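What follows is chain A paired twice: with chain B in the first complex and chain C in the second.
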Partner chain A sequence: MSVAVLIVLMTLAIGLRAPSFLRFGNLVGVVGDTSVLAIVSLAQLGVILIGGIDLSVASTMALAGMIVALTNQHNPQIPAWAYLPMSLGIGAALGAVNGVLVAWGRLPPIVASLGTMSIYRGAVFLISKGQWVTAHEMSAGFRRIPEGKLLGLPYMLWIAIAVAIFYFILMRYTRSGRDVYAFGGNASAARYAGVNERKVEMLVFVVSGALAALAGLIYVSRYGIAQSETATGYELNTVAAAVLGGVNIAGGSGTVLGVLLGSLFIGVVNNALPVLRMSPFLEMLIQGIIILTAVVANTVADMRAKKSLSSGRRL
Partner chain B sequence: MYFPGIKALDEVDLSVREGEVHALIGENGAGKSTLVKVLTGIYRPTAGTIAFQGREMRFSDTTEAQRAGIVAIHQEPVIFPQLSVAAESFTEQMPRRSGTRLVDWGTIRKRTRELLSKVELDIDPDTSMGSLSVAQRHMVGIARALSMNAKLLIMDEPTSALSIRETEDLFRIVRQLKAEGTAILFISHKFEELFAISDRYTVLRDGKNVGAGVMADTDTDALVRLMAGRSFSQLFPKRQTEIGEGVLEVRHFSSGSIFKNVSFEVKRGEILGFFGLVGAGRSEVMRAMLGLDPLERGEVRVRGNAVRFKNPHHALRMGIAYVPEDRQTQGLVLQMSVAHNICMPQTASLSRGGFIAKKQEARLTQEYGSRMEIRAAGWDVEALNLSGGNQQKVVLAKWLATKPRILILDEPTKGIDVGTKSAVHGFMSSLAAEGIAIIMISSELPEVLGMSDRIVVMHEGTVSAVLDRADATEEKVLRAATGVSA
Partner chain C sequence: MSTEGTGFVDTSRLTKMSAGRRVADFLLRWETMLFVIFILVCVANSILSPYFRDPKNLLETTFNFMEKAIMAMPMMFVILLGDIDISVSGIISLSSLFMGMASLGGVDTPTLVLIGVGVGLVCGLFNGLLITQLDIPSIAVTIGSSSLFRGIANAVLGDKAYTKFPDSFAYFGQGYIGSSPLPFEVVAFAATAIIAGVILNLTAYGRHTYAIGNNKVAARFSGVPVKRVRLLAFAANGLAAGIAAVLLTSRIGSMRPNIASGWDLDVITTVVLGGVAITGGKGNIVGVLISIFLLGFLKFGMGVLNISGKVMNIITGILLIVAILLPKFTDNVRMSIRAGAAKASAKARKTA
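On to the complex of A and B.
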């Protein structure tokens, strides 16, 4: 996993310029910050594994985030933990819409989610009437969802860890996970072997929606604001994280660990730029260049490794 | 034109003259396609030469061959469905506007119209290729060849998808081209057509010349005798097995013009060979049976009970495993491990509460992986790291692991090395001995004759003969496959 090496090298290089970046507290902060991106990127992973892209993850974050924020604003008595299953449920329903469009409507994932991306974003406007929900309108419990500490680590990091473990088990040890890889690797062979393609497509989109919505909950409670612009452009970060993590954009291969590392890389870049006093006007540009360079480097390295592996082990 | 001594094909000589239609005859795998590939620059001969219009030629690719004037039209012409007829006709050499690199569409349309009128095709040059019939595509193929000033036109089974009327149209064009001095190399399995259109012939068998001459001096009988008589170079170890009761019966299968009224039965412990020339409809019958293709009429009975399979998995649950022909696209998931590939059809029965039982998975992989003698660095190695022969063994292991009672193998030894091939034949024998009924589709006559207890021969979508092992001879099988009455 060459991206792990890149992360370490980059972290040390930033530390040379700004030693405070390497302080333990700051590093924990960086990792915590990455939680949201990691969760959404895992949401994206399943869809990429079947050869698609879910463009609606960021809109799902925004819509689910707005629904829970409004619920909290009007019903502050609801215990904070209840928002976790609530967001998952909302997201699963939103993801199921994509799933139905793909599995029964036979739309390519990118097309189906392009439509729902706009619809969900529009729905945020509709239900909020264009208003924001801000920090002082949220209950204290709600605000503590991301930042509360357990064993010195923020809740949101624990949530990300739980999601990663869930995803890892799903993909590695269950029949459904196996079917996802089989279908993504070779749909025709999978069909002959009796893999139910609709079930696979529904599964990845429902999981994608659920996790994106969970990330949306953390996002709005963390930044203390729910609005129609929440997490705009986030869907592209998730694709970048997946590709950085070695996930094959054509489907069939990719791991949870890879996506976590890819997300961490982007998290480090995002946190480092302000530390290095980079002009905010340049931030996006530089971010793009660094991510693109890393993706190219990583892809080339993986291709080399694969080539030497296959020539060495061919029997 | 002379092509003496092409070593890859073992000293094949072929000469085609200007203004003649030359028939190239031989059964599947006799070397016809290889010869065509050598002529068109796809393969390079290891020895021997190609002389074209008196000059010795060396083609490093098809473009060079086309420039020289050798153009092949394949059985199913590769087309770009979105392109217009005009664009398709000039894919190779697009005329440019003078002094620029811009495509001159005006000239292309004009010249396409001329070419189309030459092949008597009354369509607009802007029509998209995808909307044409197969016959029309063939005509455009010829037009395209003419746009390249073809001197030698190679037609590989051009009539296999054409109706009688369309065939007549095609032949009229062929005769006209011939009259204009074009040399035509004509490949077909249909003797009637060969006698109608060809002047001379060359027969290949096992990559060797076995006969050549003038069509008018020969007859169907003599040609079939030349095609047959292949040597049994490999060992086919079908053992004598006890053949039991019928387990699968197909009755009156029909689907449009693809196959008509096909009936057969396979019994316990029997290997039922399915032979036919390419395009006879063998795989199509199996695909229709398994619910992959539509079926118009017909009935399937498994142990006497009528069933209609919805998909291959449904058939699998009834104990019927179908091993498709193309292992790369239909058989394997290359990025997955050998173990995961072998266990793929059974993730359901291998899992407990949604979780895959790793121990049982490992046991199943070990059992069938070692039984099929798969050579891999480990069961967790990705399938893409295996050789073709070992990949084929993985595919077979995968279906065998489902413990089928009826096994349908579509070209089980196509494109694998001789060693693996004989291993596969060995497995088939021992499976039959265990009481499994096997249907083997094969285009290799020696394999069919060596392995089958009975042989179903198909010709143009119908069963033309069912032969017992004892009275099956190459000649009989070939006669039935080419539709020559006995």
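On to the complex of A and C.
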């Protein structure tokens, strides 16, 4: 994994300029910071694997985040852990809407999620009447969801680890997960092999929605604010993380580990800027350069691999 | 994208005899439906606001969506090719940045326009070359270049803005043709639409666009210069974004890095709502033109009703999904009716 090497090199290089960056506490902070991006990027992975893209993940984060924040504001007695299954449930329902539109409505994923992206974003505004829910309106337990510590690591990191393990097992060891790869690799071959197309499409969208909503919960409680602009544009960050992690944007190939590393890469870059006393306004530019470089590098590597394959055959 | 397909393949096989007519039928009904919604919106608007009934004022309402309308024209070609470009708002940002910088340096208006349009064209070529020469999916390239273009504007300007532009520069986004009530933006859009319509329907380039969108490999084997056609489409998309940048910067008279943010998806929504299949190869300019004015006037009407932009999003989203689902649904109904009739007649023959 060349991304892993890059991350280590980059981290060390940043450490040379700013030694405090390499302190264990700071590194844990950086990794923890990446939790939200990692979870949403994993949400995106399944949809990209079947050759689609889910543009509604950021709106799902915002809508689920707003629903849990409003619930918490009006019912502070509800125990904080209950928000985890609650957000997953909300997200699964929101994702199922995409799933039905794609599986039964035969809409291309990008169109279905383009529509729901606007609808969900508007719904945040409707249910909140344009108001914000801010930190002091959230219960202490709710605020602790991302920041509380277990064995020295923040809860949100544990949640991300749990999600990653779940996703890894789902994709690697279950029939449904293998079906996703089969379908993304060659849809018609998979169909002839008996893969249930609708089941695959429903699965990836329901999982995508559920995980995006979980990330929305963490996002909202972490930053202590739920509003209609929450996580605007985040959908593109998830695609960037996936592309950086070597996921084929045309579908069929990509790994959980790759996506995690892609997210971590972006996380390290974003965390390094303030440490290196660079303007936060550089963040987007650097991200753009990195994405383009990664995309070009992946393509060139692919072309080389193909060339050496074909020349090998000639020998 | 690759999940699209089976539904179409199966249905077309079932009704092989009238495939051509069915496609024509489908397109016709799509536009008819859009047009009916469009008329409804116009009627509702005229009831809501006397302002809307006056043609002169009607022209004023177009100011808010002419830039996107211009961008929708080349975007139509890009989507027809089976590609996508989500960097156009980033291009606007970069193009506007350069105009702002040049203007601070005391550059005159014609040169400013040239800079704005030129930067757009260069950005479009940059996308197109990466996509066609390295054969990278357009969505991956334009996600990256979008961050790159707007990122440069962010890095240069931060939270500041350029607000100093020559007085004569205001003409493009605020001026009228002579003493007529015709805004310059409307004329610019009309010219773009005519050029796009002619290229799409009357030239080899237009036919190549459909051929590539339907089957890229087959098109290449038939001698279609696939790379050149795609490169030109992305270049045109950049060019149009540059023109939109000139109009928008001139209209609002200032430049911030977040200028036009989110417009990519607005423009794509317009094109898709206009009946252009996101998978490429299918759609026409009439649908897109109706879609442009439908969305523009719908927003106007909701503005009159004081409905927040956020809530408008819900309606746009629902419209997009329903407009695409409905023809598919009515197709299914019609088919099952036809299948039922065939079964009944077969039964009748058997008993006879």
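Methods note: the second predicted complex is superposed on the first by the 294 of 315 C-alpha atoms of A that agree within 3 Å, B and C clash if a C-alpha of one lies under 4 Å from a C-alpha of the other, contacts with A are read in each partner's own complex, and residues count from 1 in each chain.
The definition used in the following text is that a residue touches a chain if its C-beta (ideal position, glycine included) is under 8 Å from a C-beta of that chain, and two chains touch if they have at least 3 such contacts.
This one's a predicted model, so the numbers in the text were calculated from it and none came from an experiment.
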item	value
Contacts of A:192 with chain B and chain C, given as first, second, both or neither	first
First (chain B), second (chain C), both or neither touched by A:123	second
Partner chain in contact with A:168 - chain B first, chain C second, else both or neither	neither
Partner chain(s) touched by A:285 [first = chain B, second = chain C, both, neither]	second
Chain B or chain C, by number of chain A residues touched	C
Touched partner set for A:179, first chain B, second chain C, both or neither	first
Contacts of A:253 with chain B and chain C, given as first, second, both or neither	first
Contacts of A:158 with chain B and chain C, given as first, second, both or neither	neither
Chain B versus chain C as contact partner of A:223, first or second or both or neither	neither
Chain C-contacting residues of chain A that also contact chain B	191
Residues on chain A engaged by chain C in the complex (per definition of touch)	50-53, 55, 101-102, 105-112, 114-119, 121-126, 130, 183-184, 187, 191, 197, 201, 228, 233, 236, 239-240, 243, 249-251, 279, 281-289, 291-292, 295-296, 299-300
Residue numbers on chain A that touch chain B, as the complex places them	173-176, 178-179, 181-182, 185-186, 188-195, 248, 252-253, 309-310, 313-315
In the complex with chain A, residue positions of chain C that touch it	1-8, 84, 86, 130, 134-137, 139-141, 143-152, 154-155, 157-159, 257, 261, 265, 268-269, 272, 278-279, 308, 310-318, 320-321, 324-325, 328
In the complex, chain B residues that touch chain A	311-313, 316, 322, 324, 329-336, 340, 344-345, 347-348, 350-351, 354-356, 358, 375-377, 381, 384-387, 390, 398
